[in-house]
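First up is the structure itself, then whatever we jot down about it.
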Amino acid sequence: MPETLIKVDLSQPAPSNEKVHNRWHPDIPMACWVNPGDDFVLETYDWTGGFIQNNDSADDVRDVDLTTVHYLSGPVGVKGAEPGDLLVVDLLDIGAKDESQWGFNGFFSQKNGGGFLTDHFPSAQKSIWDFQGMFTTSRHIPGVRYAGLIHPGLIGTLPDPKMLETWNAREQALIDTNPDGNLANPPFMATAHMGQLKGEARDKAAASGARTVPPREHGGNCDIKDLSRGSKIFFPVYVDGAGLSVGDLHFSQGDGEITFCGAIEMAGWVHMKVSIIKGGMAKYGIKNPIFKPSPIVPTYNDYVIFEGISVDESGKQYYLDVNVAYKQACLNAIEYLKKFGYSGAQAYSILGTAPVQGHISGVVDVPNACATLWLPTQIFDFDINPSAAGPVKYLDGSIDMPISYDK
Amino acid sequence: MPETLIKVDLSQPAPSNEKVHNRWHPDIPMACWVNPGDDFVLETYDWTGGFIQNNDSADDVRDVDLTTVHYLSGPVGVKGAEPGDLLVVDLLDIGAKDESQWGFNGFFSQKNGGGFLTDHFPSAQKSIWDFQGMFTTSRHIPGVRYAGLIHPGLIGTLPDPKMLETWNAREQALIDTNPDGNLANPPFMATAHMGQLKGEARDKAAASGARTVPPREHGGNCDIKDLSRGSKIFFPVYVDGAGLSVGDLHFSQGDGEITFCGAIEMAGWVHMKVSIIKGGMAKYGIKNPIFKPSPIVPTYNDYVIFEGISVDESGKQYYLDVNVAYKQACLNAIEYLKKFGYSGAQAYSILGTAPVQGHISGVVDVPNACATLWLPTQIFDFDINPSAAGPVKYLDGSIDMPISYDK
Amino acid sequence: MPETLIKVDLSQPAPSNEKVHNRWHPDIPMACWVNPGDDFVLETYDWTGGFIQNNDSADDVRDVDLTTVHYLSGPVGVKGAEPGDLLVVDLLDIGAKDESQWGFNGFFSQKNGGGFLTDHFPSAQKSIWDFQGMFTTSRHIPGVRYAGLIHPGLIGTLPDPKMLETWNAREQALIDTNPDGNLANPPFMATAHMGQLKGEARDKAAASGARTVPPREHGGNCDIKDLSRGSKIFFPVYVDGAGLSVGDLHFSQGDGEITFCGAIEMAGWVHMKVSIIKGGMAKYGIKNPIFKPSPIVPTYNDYVIFEGISVDESGKQYYLDVNVAYKQACLNAIEYLKKFGYSGAQAYSILGTAPVQGHISGVVDVPNACATLWLPTQIFDFDINPSAAGPVKYLDGSIDMPISYDK
Amino acid sequence: MPETLIKVDLSQPAPSNEKVHNRWHPDIPMACWVNPGDDFVLETYDWTGGFIQNNDSADDVRDVDLTTVHYLSGPVGVKGAEPGDLLVVDLLDIGAKDESQWGFNGFFSQKNGGGFLTDHFPSAQKSIWDFQGMFTTSRHIPGVRYAGLIHPGLIGTLPDPKMLETWNAREQALIDTNPDGNLANPPFMATAHMGQLKGEARDKAAASGARTVPPREHGGNCDIKDLSRGSKIFFPVYVDGAGLSVGDLHFSQGDGEITFCGAIEMAGWVHMKVSIIKGGMAKYGIKNPIFKPSPIVPTYNDYVIFEGISVDESGKQYYLDVNVAYKQACLNAIEYLKKFGYSGAQAYSILGTAPVQGHISGVVDVPNACATLWLPTQIFDFDINPSAAGPVKYLDGSIDMPISYDK
C-alpha cells in the first residue's frame, strides 16, 4: 500500500490536527513533501470536522458553525513545482474510512446558509446514508440505492499573495453591495485553522486567509461530481511546491449540490498521484483547472428528464437566468417524485445526492434560459417512468427525514 | 413509409405554405388531424425559412430579419386530446431533406441578437457543414467530424388564450424594465405567418401571437440537444387537439446552443408518433414537458472538461451566477483550442455545434457558481489531450470562417 | 445526396440485375468504379432476393432455395486499389428501402439448413418485423421493441484465383469427411448469378465460384452485428480495384445470428465511403478484416445474463466447446423467457434478432467452456428481472409465430 | 465495516486454514453461517494459495502443482436456503489485500496445462501487475494501464451428492475417450483440502470431491469477467444452507481468460450480501446461474476489433467451431500488436488481462464460425488505431516477460 502521509483521528477535534487547515493562504506551511511521480494517501475529515452525527436528529445541521469549515488535509508540497506549471493529480482511488461507513446529507436552515431551494425547505433537515461497499441507501429515504460516484468536493492548490488579494478584493466588493445579504464570506480570524502556523504568523495569515466555500481559479470547493475517483485533474500552480489540499469527500452528489449540506458527506481517504507539466499554464492557456473524467463511473443511462425555464414560481420572468431555470427543473422533479409517495424533502435530498445531471440546455433564446435535470431511473426500486396508467404510490409516508426548526 | 402530412418546398418562400406558421396562438387552425397511435412525417424548413445559403459569405447571417422566425410545421391536431392531458410524442426518426444535405452555424452580429459570447465575437460569421450519412464535417473548420445528435430545436403544443396572455404579460413586464435592452421580443404583426388564418382573423391573432424564440411551458424553442431522434416527450395539452408544431431542426448542437444561430441548422423531416395520457398533467404534476432520452445517441465518452466560475473576464465577482460561470468555461475551452491552431471563431463554432455537455456543477457555494463544459475528444482528427509535451499545432490558420462586418 | 451507383427494383427478379451477383469469383466484372475518397450509395435486395414475403405463413421460409443466395450488390471497383492494400470502408448510413419498411426473421426447416437450435425448432417458422423509424416491432412477438443496430450481414472484397482455390479446396476437404452432412456448400453452377458475366465465361466462373454463405478472409458473410452503420472496416485487397460487394442487410441481430434466417432481414441501401491504405496488409499484419465500431449504436446497458457450459442437454460432456456452451446459454434464456409467457419460438426469435451479446467467457477451464448470453432488459415492455415475487406472465399465448411443417 | 467472517493470512500455507477448501463436496462443513440480508466480508488467497511470487522469474509458473488449486473461502451457510431456491449474491465490493497490492498473469508450460494459444507460447512465462488504486500497470509490459474490472474467477454453491456424482461421471466419460489427453481432471485425494473435514471423513470426501477447474451448474470457475464488483448473481441451491464459496480473485481479465494463469490473479477480499428467492429455480427455469451486471464498470468504448474464422493457422477448415475462430481472432490481434513493438508474449498477456471482449459473432454460416475480439484502444499510452501512415513502433523490445523453459 502507498504511504499515508496525513492521518486523521475522527475521535479527535479537527483543529488539533496540524496537517489540516480551513483557510487558503500562501503562508500555511506544507504539511509534507512528495516527488513528482509519487502516489500517496491523505486521510480527511468530513467537511464539518465531525460535527454532524449519525443519528435521527437534524439539530446538528441546524446548529453547525459554518465559519469552521472546510477542514482540508494538506497542503502537500510537490518538489519542483513552480508558478506557471500545471500540477497533474490522478485520483487513483477514494473511500470512506473503515470505521465510518456512512455519510450525511442535509438542508441548512434559511438563517444559516440555506440551499438552492431554501424558500421551499427553510428548516434544517438531515438524511443519513449507509454505505454497503460501492452502494449507499438511507434509512430516511426508502426506495433508492445508488452506486457511489465518489469524489472530493474540494481540492485545490495554494494561492500566491496576489491571487489571494484578488479573491478577497472582489468578494469584498460584492459583499459591499449588500452587507447583510450573505453574498460571500470574508476572512474570519477566530475559527481559522492555519495548519502548523502558530502565534503571530497564524494570526496575521488568519486575518486574510480566504474562506474555503467558493470554488476559485485554483480549484477549491468546485463540488463537481465528476472529479471522481479515476479522474485526472490539471491544476494551476501559484507557489513553489504547488500546495495541494483536499477534503469534503462525497460518496455521491447530483449536479449543483443543490442541498448545500450537500452531497453525501463523509470522512475518508484519497489515494492520489502527482506529476508536473512545466509551464503548462501558458502552454495550454489555463486559468481554471481542467480535467479528464474517470473511466469507472456509474453507467446509469436511463433517465426521466425535467425541463425548467427562467420564470419563477410566482410567474416572474427573468432574463436568460440559468439559476432560475434549473431551480424550476428541480421543483418540477420534486413535484413528480411526490406523486410516487416521497415527501418534498426526500425528493430534494435525492436530487442533491443521486448522480443527477444538470444541463445548461439553452442559454440564448431570450428571455428564457432552459435547464434540464436528468433523474436516473435505475436508482429506484420501483418504476418511475410515466405511463398511461398513472403513477403508483410506492411509499406510504410513514418514513421521513428528521427536521429541526430554528430555535 | 408513413404518410407525409406536411410537405415543404425549399424552392418556395416559407410564408406561402399554409401548413407552416411562425407565431404561437390558439386561433391558428390545425394544419391536419391524426389519431392517437398514428405515426406520420412532417417536413420542415430550416428555422430561417431558407434565408441562409450554402456559400462562403456571412452576409446572410448578418442581414437576416429575426422577426420572421421560426417557421414551424403544424399545428397537428390529435383527436381526443384535451386540456390537462399529456401528449406523448415519439421522435421515431429525423433527417435532412434529400436535396439539402448540409446545414449552417453562425454568430449573429451584436446588433442583431448576438450570442452567448457576443462581446468576444461581435460580427456575423458563418460555417457550413456537409452531411455524409450520420456524420458531418465543415469546409470552414478542419479537423473535426461528428456523428449527428439530430433533434428539433423547437417543438411544442398550442397555448390556450390564458397561457398566451400570461406569456405576453410577463415578457412585456421584463421588456418594460429596459425597453431598449432587447430583453424579449413582443408580438410583431407585420411578419407574422399564421398558417391558414387569413384576413381580419389573421391580423387579430398576429397582433398577440407569441414569438417563437423562447422556450415556455408548452415546450417551444428549448434547444435541448437530447430531444434527439429516438426520444419520447410528454407535452402539456392546453387546447382541444393539442396542436403540435415542430421545426428548427438541428443536425448537432452543444449544450446551451451558445452561438444562437445556433446549432447546425437544417431543413428536413420528422417521423413521429403520438399518443395521449388522459389527465396526465395532474397525475404527474407536470408544468413543463418531461422526456426520456433516445437509446441511440453518439457514444463519445472521453472528454477534456473545462471549469468556469462566476467571475467575469474583467475580474468582477457575481453571486452564484451560472451564466457567467458557463461563459467562463466556454472562454477557457476556446483559449485551449486556439493552442492547437484554431481561430477563436472556429473554436466557438465547435462548442456550439458539437455534442458538448454543459453541466451546472456547483450552485450553492457563495459567491461562485461553478459550471463545466465537456468537450468530446473523439470528434477531433488529432489528439487534444493535455500532455507534458505541450500542444501540437494541427492547423496552420489558412482556413477560417467567413465574416461580414456590420454595414 | 450522394450518387446511387447500383439500384435494385424489388418488383423485378434479382437475377435480372447485372449489378448483382451471388457467388465470389475474380472474373465477375466490376459493376462500377469509384475513386478513393468517394462516397456513394448501393441499393440491395434482401438476401433471398425477395423470396420471403410480408405475410403470416412460413411456407416461403420452408421452401426457399438456398443455392440462390445471397444476392449482393457490386462489385465496386476502387481505382488504385492493389493486392496487399487495405480497403477502408466507412459505413456512413444504412437504411431500409422506402417502399419496404419491414423485415423478416425465420427458422429454416431442419431439412433445409436448420439453425443453431434446430434440434429444438425443427420446422420452418417466421416472424415479420415492422420498422417505425429507428425502431422495430413484430406483430408475431408482442412485448418487445428495439432500436435498430442496422448493418450488412455480408460485405467483402473479391478473392483472387489463388484465394478462391484455397477456399474451395479446404471446404471440399471438409465436405469429403461426410458428404451427406451439409458441412459446407460447394460451388453450384445452375443458380449462380455472375453479374455481367455471360455465356461461357459465366459458366466457367460459375463452376468454381465460391458460395456466399461463410465468412472468409475477405470478410463476406460475417454476420457481425457491430459492423453497423457508422463503423469503419479495413478489408484485405486481393485484386486490382478490390471489388467491394455488399448485401444481406439486417435491421437488427443478436450475436451468433442463431436463427440463421437470421437477423431481421431487409432490402435497403448502404451509403459508404472508400479509401485505401497502401500496403496495409503487411503494415498491420492483416489476414482477416478489422474494424472500428460505430459511435452511434443502441445504448442498452442493463441485462439479464445467462451462463452456459459445454455439457449438452443430454448431460454429455464436451471438451472446451464454446458452441455447446453458447447453445446452453441460449436454451437457458429461452426457458427463462417462457416463464413470462413467450412461446419457445418467440423467445428464440428474440435472441436471434435483438441486440443480444454472446460472449466467450471462459475457454481454458477443462473440460468446460463457459459462454454468456446478454439479454437487454430495456427492449421489453415489461420487467423481466428476477425478483422474490417470481415472474409475471405478460403474454397469454394467443399470438405466436406462423409455422410450416415439411411437406 | 461489515464483519470479516473468513480471514486468510498470506504468510501461512493455505491448507492450514480450515475455512478454505479446494474441492467441491457436500460433506465439507460450513465454515460459518449467515442470515439472509446479511452482508459480510470473506478474505481469499490467490488461486494458487500464494505459490506465485512477485519477482522476475517464471519458474514458479512452470512448477506450480495444479492439483492443489483453487483455494476457496467458505462454504458460507445461509440460514433457510433449501434445495430449489435461488441464492442471490450481491458483490458489494472486491479488492486486493492491503499488504498485497499486486497480481500475476502467466502462461503455463504446454506440459502443465498450457493455455488457449499454447502451441504458440509453449513455455512458462509471467508478468507482474502493480495496483495503483483502481488501476494497474506491469513492469513487464510497458504502454498499457487499465482500470480494474475486479471479479471473482470462481464463486459457487455446494453440490448435493447427486449433482456431484453427475459431474464426476460425465467428466470421467470424457477422460476415458483419451486417458492421456488431459481432457479433464478427476478427483485427486492427496492434495485435497476439505476445510474442517478431518480423518476418515476427509479422506472419503476427498476421494470423490470434484476438482475446481471447470465451471459447472453451480457456478464455480466461470471466469466471467463481468461478474464484477457491483454485480448481482442468482445461484442454484442444492443443499440446505446453499454453501457459498469464493476465490480466485482477478483484478482484470479479458473474455476467455485465454492465458489460463490467467487473469491478473490476486489475493484479496469480497464484501457481499446474500438473500434467497424461495423456489426460484423452478419459478425462473434456472439450470445455471444468471446474473445482472454491475452499474460500475470501466467505460472504455473505443475498440479495434479483430475477426477470426474457423480455419486454423495451417489452413484447415473446421465446421462452425467458435474455439478455432476465437483463436484466430486472438492470433490476428497479436500480430497487429507486434507491429507496435510488443513481443508476442506481451500481446498475448494483454489479451488475457485487459477488459477485452470476445464475441460469438456468427455461428450458423457453414462451415465458418466467426468470432470477434474487441481490443480497447483507451488502455494504451499511444495510438493503436490503423492509419494511412502505418504503425509507429512505440516499444524498442528492451523489456519483455520472464520465461522459464521446461526442465
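Note that the chains take the letters A, B, C and D in the order they are written out, and that residue 1 is the start of every chain.
Rule of thumb we're sticking to: contacts are C-beta pairs under 8 Å (C-beta built on N, C-alpha and C of every residue); 3 or more make two chains touch, one makes a residue touch a chain.
These are the chains along with the protein names UniProt gives them: A, B, C, D = Formamidase.
Please read all numbers here as calculations on a predicted model, not as lab measurements.
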Label of the chain whose CA centroid is most distant from the centroid of chain D (Formamidase): B
Interface composition of copies chain A (Formamidase) and chain D (Formamidase): same or different, split at half: same
Angle, in degrees to the nearest 5, of the Cα rotation that carries chain B (Formamidase) onto chain C (Formamidase): 180
Averaged-CA centre spacing for the pair chain D (Formamidase) and chain A (Formamidase), given as whole angstrom: 39
Centre-of-Cα separation between chain D (Formamidase) and chain B (Formamidase), whole angstrom: 51
Overlap residues in chain B (Formamidase), where contacts from two or more other chains coincide: 299, 301-302, 378
Chain A (Formamidase) to chain B (Formamidase) touching residues, read off their complex: 86, 115-116, 166, 170-171, 173-174, 182-185, 213-217, 219, 221-226, 234, 255-260, 262, 275, 277-280, 283-293, 301-309, 311, 315-323, 326, 328-329, 332, 335-336, 338-339, 357-372, 374, 385-388, 390-391
Residues of chain B (Formamidase) touching chain D (Formamidase) in the complex: 299, 301-302, 378, 383
In the complex with chain C (Formamidase), residue positions of chain B (Formamidase) that touch it: 1-2, 39, 91-93, 98-99, 101, 132-135, 147, 229-230, 271, 273, 294-300, 378
